[in-house]
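Please read the structure below before turning to the comments.
Order of writing sets the chain letters: A, B, C, D, E and F. Residues in each chain are counted from 1.
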Amino acid sequence: MISSELQAFYTERERLNEIVMKYAGQGIKRFFSLDGQVYREGALPQKTKELLGLVASLVLRCDDCIKYHLARCFEAEVSDSELEEALAIAVIVGGSITIPHLRRALAFWDKLVGGDVEF
Amino acid sequence: MISSELQAFYTERERLNEIVMKYAGQGIKRFFSLDGQVYREGALPQKTKELLGLVASLVLRCDDCIKYHLARCFEAEVSDSELEEALAIAVIVGGSITIPHLRRALAFWDKLVGGDVEF
Amino acid sequence: MISSELQAFYTERERLNEIVMKYAGQGIKRFFSLDGQVYREGALPQKTKELLGLVASLVLRCDDCIKYHLARCFEAEVSDSELEEALAIAVIVGGSITIPHLRRALAFWDKLVGGDVEF
Amino acid sequence: MISSELQAFYTERERLNEIVMKYAGQGIKRFFSLDGQVYREGALPQKTKELLGLVASLVLRCDDCIKYHLARCFEAEVSDSELEEALAIAVIVGGSITIPHLRRALAFWDKLVGGDVEF
Amino acid sequence: MISSELQAFYTERERLNEIVMKYAGQGIKRFFSLDGQVYREGALPQKTKELLGLVASLVLRCDDCIKYHLARCFEAEVSDSELEEALAIAVIVGGSITIPHLRRALAFWDKLVGGDVEF
Amino acid sequence: MISSELQAFYTERERLNEIVMKYAGQGIKRFFSLDGQVYREGALPQKTKELLGLVASLVLRCDDCIKYHLARCFEAEVSDSELEEALAIAVIVGGSITIPHLRRALAFWDKLVGGDVEF
């Protein structure tokens, strides 16, 4: 069973993506497609790629992107320690301005690992 | 008739501007004035200027600024295609980190063009 | 007596910090500690340091950080004029993209100085 | 005849692109291709699109990108006044932190329009 | 006697400002003027204002802006300790991504205080 | 044998770090120390951590940081394909504004793997 919060996140995301696709021309459509492709397993495992996406999202401070990559990291079975080490790098690179995002990130992760979220 | 959402956006903006002006010295006041002047019709049509403001706001990822310039683009009779092409440039320049803002931008635009908003 | 809004801000911050500490390794813990140390009175008075933190937060556009440093500036007895001059520098350096944050900053400050907040 | 400075800019760009393509997988190749497509004439004239690229580059403060879009604006016959109005918007949105880039941008433009550069 | 490096910095800046003014319309001119006004002594001493400008420049990572405010801090008789404390705040807020700028900042400061620069 | 270019990079870095340490107080010193610690092998392998540092540096667009993490990736025996996939994620997240940095990154990597650099 998927938690209502995560469900709401994905539902809203889906709803908005439909609006994007209503207006999107070829450029935006291709970019959305590319955005999916680069996280696929390749020379680097998918887990590593999701951690790369997460760290990029944290240093650039985008809560939605952070939440999305946290959900993907959870699905890819990233452990608490692996997550913490990746976040530590992001916080050192990005500075204290990232701390509010770190707080929200770990609060979301805490729910994911807390058993009330299932995929 | 103006939609209640857009009305709420402008009302809140106005309320906060009054607080700004309560504290603002000459520097902030002059900057607010300048901020209005640069979007006025000149060698470039106003429509182009609003698109420039919109693209700048999207790559810098400020939802309030995006919403404001979308409303102004709508008033300047920017078409769906013109808007889409400007947003495509912004998304390519700014990357996938701008996508959550693009989603919210097009959801707002969809309401503006949907007929439930009038100026 | 502390206003309910400020109280809510600190309570939520505290709640989230507890989640951070649940997952934090040595790196994140040390960074949080360092983040506290650099604002302590030294060659520069604490008031100046809080203004430095505020300006950095405004140009980097982090509402949570801005709110935190505003509360600290208020505690350090920064006057309205001092605050306004610091914010004017931040707005000129950071541009109109900072204006929505300036609006929210001054709305929060207005409550702090309005007498409904006490420390 | 093309000025030696602009020639050097394009030559270095070309040399580096060859190295990029030596290592690039499908993701990077498709992105480079997309990056070209979004500036093509469509509902918006190419001139407007180059101005959008220029303003995005200035607020994000990338000298190489600014230089590239200035050369393209010049080819698209953007006038001095049109350029100035677009740059004014970028500087107001992005703040004084963009001024060093504005200086270098106009110094490059001055050479382009000065007659020592030909396409 | 002024060091040749600082002299070169100011001379190049002046040369480029002349090019800016050749193209600048009212918007850019007024913004340049505003940019000077906000650092003038007021409720906050000029020294504090230059430190605010410096910290904003470091977290936004603009070497030219950093260099300019360092020169102004030096003229305003900021001490080594005051400077270090301001930079420490900037580095903690902005993270390790600011370190290369910190290195260049202190190398420039070292020359300023080393006696080979005079105003 | 180490290439003269890489040698020059490290030598300049070392020279500047000495100047930093001449002025650094406890805050900056501790931060530099922390900055080293978070990349040490732990739950995540060092190779992954260097890729995380690299992607963070690319999306934040700091050439010095990119160069440093590329050298570290090379020492950690990151393959061309692994590097390319990490850079592809960074470029998609960060957008075309990162392309000039990607170009310089791959030109540097090309030298590292070209056999003219040894550790």
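Before moving on, here are some points about what is shown:
Here is the rule we go by: a residue touches a chain if its C-beta (ideal position, glycine included) is under 8 Å from a C-beta of that chain, and two chains touch if they have at least 3 such contacts.
What you see is a predicted model, and the numbers here were worked out from it, not measured in a lab.
Identification of common neighbours of chain A and chain E yields B, C, D, F. Chain centre most remote from that of chain B: F (centre = mean of CA atoms). More than half of the contact pairs of A-B, counted by residue number, reappear in one of A-E, C-E or D-E; that pair is D-E. The mean-CA centres of chain D and chain F are about 27 angstrom from one another, to the nearest whole unit. Here the CA centre of chain C is 38 Å from the CA centre of chain D. Here the spacing of chain C and chain F, counted between their Cα centres, is 32 Å.
Touching of two or more other chains is recorded for residues 25, 27, 31, 34-35, 38, 42, 56-57, 59-60, 65, 81, 84-85, 88, 91-94, 96-97 of chain E. Chain-to-chain contact here is organised exhaustively, every possible pair of chains being in touch. Of all residues in chain D, those touching chain E in their complex are 61, 80-81, 83-85, 87-88, 91-92, 96-97, 99-100, 102-104, 106-107, 109-110. Interface residues of chain E facing chain C in the complex, by the touch rule stated above, are 34-35, 38-39, 42-44, 48-49, 51-53, 55-57, 59-60, 65, 79, 81-82, 84-86, 88-90, 92-94.
Residue ranges of chain D in contact with chain A, taken from their complex: 25-27, 30-31, 34, 37-38, 42. Listing the residues of chain E that touch chain D in their complex gives 13, 16-17, 19-20, 22-25, 27-28, 31-32, 35, 56-57, 60, 62, 64-65. Residues 59, 91-98 of chain A are the ones that touch chain E when the two sit in their complex.
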